[in-house]
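Structures for review follow.
In the two assemblies presented below, subunit A is common to both, partnered first by subunit B and then by subunit C.
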Partner chain A sequence: MRLELGRIKITDVQFADTTKVEKGTLYVNEQELVNMILEDEHIKSVKVDLAKPGEETRITPVKDVIEPRVKVDGQGGIFPGVMNKVTTVGTGRTHVLSGVAVVTCGKIVGFQEGIIDMSGPGAEFTPFSKTLNVCFVIEPIEGLKQHEYEAAARMAGFKAANFIAKAGLDVLPDEVEIYETKPLLESILEYPNLPKVGYVYMLQTQGLLHDTYVYGVDAKKIVPTILYPTEVFDGAILSGNCVSACDKNTTYHHQNNPIIHDLFARHGKDINFVGVIITNENVYLADKERSSDWTAKLCKFLGLDGAIVSQEGFGNPDTDLIMNCKKIENLGIKTVIVTDEYAGRDGASQSLADADAKADAVVTGGNANEVILLPPMKKIIGMLNYTDKIAGGFDGSLRPDGSIEAEIQVITGATNELGFNKMSATSF
Partner chain B sequence: MVKEIERAGIPVVHICTVVPISLTVGANRIVPAIAIPHPLGNPALDPVEEKKVRRKLVVKALKALETEVEGQTVFED
Partner chain C sequence: MNKIRIVHYINQFFAGIGGEEKADVRAESREGVVGPGAALNAQFKGEAEIVATIICGDSYFNENVEEAKTEILEMIKKYNPDLFIAGPAFNAGRYGVACGTICKEVKDTLNIPVVTAMYIENPGADMYKKELYIVETGNSAAGMKTAAPALAKFALKLAKGEEIGAPSVEGYIPRGIRKNIFREERGSKRAVDMLINKLKGEEFVTEYAMPYFDNVAPNSAIKDISKAKVALVTSGGIVPKGNPDHIESSSASKYGKYDIAGYNDLTVETHETAHGGYDPVYANDDSDRVLPVDVLRDLEKEGVIGELHRYFYTTTGNGTSVGNSKGFAAKFAKELVTDGVDAVILTST
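Right after this comes the complex of A and B.
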């Protein structure tokens, strides 16, 4: 499977009468977007706002972040099974409005949405302080149930992203990257002497608004399976997640999965990147056992020499992570696990809820319990009246001057477990 | 908590969904529970059936409490 990813570099975003891309500037028609989102009868109102790097702006409560992408050539469309027919994606050509992000906001769960600061100390912890953000603050109709609100906000984000992305359909990209994965046997023949490496991609599927979708399927209902890596770039996996902001994978993270990106960069050089195994993080022990058994089985079936395993979320998914690691290692395949830590504010507590001696190669995205003081911002996109309840916040988190003292857990993407951030740790 | 209570000389049964974590933290008597969001019940069942499930778990835990163990033991069905 071969995909050309054409990146159109966007350096500014502005409101205008028509939605278009011109000389690196994205123009969006605010009213058009509002009308489109209000087509959903579950949504009472939506406010569109723009946030740019360096501004004294705080966006919160952030639900999801999405990168606008459009299929230019090849079968299927972005977010197959959800926004487009369920056709297999990952081939042909896709255009990306690089530097732009659609950010959806709403007090869906209240304690499980995030904060994005466009400047100040908090901005250092989130990748979305560097993107040009088209923000949508979505209010539900009265009496709408929480899970219906989540679904409405989720779909509104994808709708907006796909609509905006169409502006890049006929624009010449600034750069085109080519990603290709061959069928397994061909790939092995092509690089017979390189170690075969796979990626075990764990998806948050605890239910109760902790959900991820694959081609429209709720991933808690899948058994582990194999994807071509480029399918992920076309939105095969998307977030329906309301969970601690620091280490949930937003849809943007999935679309830009840095582990896949980096494995591709070394493919054919020092490793043979043969494919992606997706698996879930369910709440029944039998599901955890089955999924980790199958993940290990698929690693062996693919003939892997090594696997990178990434986690999403924390707590009981630590067990899924360790089960995957242990079972894959027991089949003679080397693993590296990618996770983050809840080691207490002083960093002295045990980092993960589960552990095993086989997990001897670990990459961390940082300690989510670290406390940060976020200074007041001039502009708020969304609302602040929930921050005492946010995961990582506490009674008195929001101070009268508008500053927030909280754990970095509250910041969207701060300790991301795909490595889409700056923090980590090294031991010697 | 399991370990601290046992340290005081009182035997403990840990009813727990994620048995591997219970094993990692060092519980000695472990009874597997239903699911993480509802360890001691099952909202998918009707109340009469659910009560049977709940009673079974508690009885099993009490039996485990009376059982002598040599090291960590998981009380499967």
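Right after this comes the complex of A and C.
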């Protein structure tokens, strides 16, 4: 499977009468977007706002972040099974409005929405302080249940992203990246002497607002299976999660999965990157056993020599992470796991809820419990009245002057477990 | 700025009193430096001064810990120090344990910075590295030449309240305190590099060494549940409506203890969840789903269980550190025992 990813570099975003891309500037028609989102009867109102790097702006409570991408050539469309037909994606050509993100926010549904600061100390922790954000503050109709509101806000984000992305359909990209994965036997023949490496991609599926979708399927209901890496770049996996903001994989993270990127970077040189195994993080023991057994089985079936295993969320999924690691290692396949830590505000506690000596190669995205002071911002997109309640906040987090003292857990993407950031933790 | 006042602790050997045969000498204090204190003083270059030295036999200290601690604390207090140093103990086991013990005591009681130094395999290092700064030394007193400057430099930093950097930079034994740092490369690149090194059989450094995992052995079964007093404990965040104690939705810093004497059933009017880790709709609608008071009342009536304890304990497990969780349980488990509870049903979400 071969995919060309054409990156159109966007350096500014502005409201205008027509939605279009011109000389690196994205213009969006606000009313058009509002009308489209209000088509959903669950949504009472929506406000569109723009946030740019360096501004004294705080966006909260953030639900999801999405990168506008559009299929230019090849079968299927972005977010197959959800926004487009369920046709297999990952081939042909896709255009990306690089540097732009659609951010959905609005009153909280499950305590686990996040904060994005466009400047100041908080901005260091989130990748979305560096993107040009088209933000949608979505208000549900009266009496809508949390999960219904989550679904409505999620769909609104995808609709908006796909709509905006269309502006890049006929624009010449600034650069084109080419990614290719051959069928397994061909790939092995092509690089017979390189170690075969796979990626075990754990998807958050604890349920009750902790869900991930694959081609429109709720991933708690899948058994582990195999994807071509490029399918992920076309939105095969999307987020429906209200897991803590710091280590939830937003849809943007999935679309730009850095482990897949960095495995491709060494493919054909040091390793033979043969494919992605997706698995879930369910809450029942039988599901955990089945999924980790199957994940290990597929690793062996693919003839892997090594695998990177990434986690999403924390606590309960720590057990899935360790089960996967242990079972894959037991088959003689070397692993590196990517996680983050909850070592307490003082950093003195055990970081994970499960552990095993086989997990001897760990990459960490940092301690989510570490406390940070976020200064007040001039502009708020969304609302501050949930600050004390969101995961990582505490009684008195929001101070009268608008500053926030909270755990970095509240910051969207801060301790990402796909290795999106440079932040990590070490023992002092 | 005034000179930093330091009290220094050493054992009988380093004080020149004698070896094993003199290890039972009681604690004494002397004005000024004794033994290795001179090397430390020289390194302070006038910024700090050892005002007194406490000397104690290793056997005496370890065999009379409580007494020795009290005596030594009294001696230290008299000098009103800004900082307390013990050792270096190198690989002397009982000396290392004494240094660690007295440092911790001084730190906790007098609330001043403390530092000791020893070899990484000294049993005192293992016992106290989590709570104290222990400067790493060689395994014998022959290492004094390098140990004294390292200890003195670290002690000055500590006394001045300067920021203490990573163990590899400052030379202390890692305490296992996790702190966030920014690395050169993003995590995914580090993971790929680490895997390639692991595949090649080359050296790689994990960013988090797996801890010893604390497994709890189950208690023996209740002999007669129909006579047992049963308590409910949950990490599912069930609280009286309005969450009166403001238990956090994640990373809880506290737990709640609530009376259920008057309740046969938890309802949407009386209880809710504070937990931020799951869709609260169903738990708010009927909190018995997480904290099964209704079913236990039935069992109580039917005589299946003896009685339901009148208080339940609750917190949110969501993102709450293992350290906090252990601390909560250590506290309320005692109360449960005092209250005559025979069995606990622990529910999670």
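Here, the second predicted complex is superposed on the first by the 422 of 428 C-alpha atoms of A that agree within 3 Å, B and C clash if a C-alpha of one lies under 4 Å from a C-alpha of the other, contacts with A are read in each partner's own complex, and residues count from 1 in each chain.
Criterion: a residue touches a chain if its C-beta (ideal position, glycine included) is under 8 Å from a C-beta of that chain, and two chains touch if they have at least 3 such contacts.
This is a predicted model, so every value here is computed, not measured.
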**OP:** Following the overlay on subunit A, give me a clash-or-fit verdict for subunit B and subunit C.
**Re:** clash
Original post:
In the superposed arrangement, does A:I222 touch subunit B (first), subunit C (second), both or neither?
Top reply: neither
Original post:
Regarding the shared-chain residue A:L208, is it in contact with subunit B (first), subunit C (second), both, or neither?
Top reply: both
**OP:** Would you check which partner chain A:M323 touches, where first means subunit B only, second means subunit C only, and both and neither mean what they say?
**Re:** first
**OP:** Would you check which partner chain A:L26 touches, where first means subunit B only, second means subunit C only, and both and neither mean what they say?
**Re:** neither
**OP:** Could you say whether A:L285 touches subunit B, subunit C, both of them, or neither, answering first, second, both or neither?
**Re:** first
Original post:
After superposition on the shared chain, which partner residues are touched by A:L5: those of subunit B (first), subunit C (second), both, or neither?
Top reply: neither
Original post:
Looking at the overlay, does A:A353 come into contact with subunit B only (first), subunit C only (second), both, or neither?
Top reply: both
**OP:** Using the touch definition from the top, say if A:V70 reaches subunit B (first), subunit C (second), both or neither.
**Re:** neither
Original post:
Which chain makes contact with more of the residues of subunit A, subunit B or else subunit C?
Top reply: C
**OP:** Please work out whether A:D395 is in contact with subunit B alone, subunit C alone, both, or neither, and reply first, second, both or neither.
**Re:** second
**OP:** From the options 146-154, 218-226, 254-262 or 290-298, pick the one stretch of subunit C whose C-alpha atoms clash with subunit B.
**Re:** 218-226
Subject >> subunit B and subunit C contact sites that coincide on subunit A, given as residue numbers >> reply: 206-208, 353-356
**OP:** Spell out the part of subunit A that touches subunit C in their complex, as residue ranges.
**Re:** 109-112, 145-147, 195, 197, 206-210, 242-244, 258-259, 261-263, 265-266, 270-271, 305-308, 310, 314-315, 334-336, 338-339, 341-357, 359-370, 388-395, 407-409, 416, 418-428
Original post:
What residues of subunit C sit close enough to touch subunit A in their complex?
Top reply: 130, 164, 166-167, 174-192, 194-196, 198-199, 204, 206-214, 246, 248-251, 253, 275-282, 317-324
Original post:
Residues of subunit A touching subunit B in their complex?
Top reply: 206-208, 283-285, 288, 316, 318-319, 322-323, 353-356
Original post:
Touching subunit A in the complex: which residues of subunit B?
Top reply: 17-21, 24, 32, 34-37
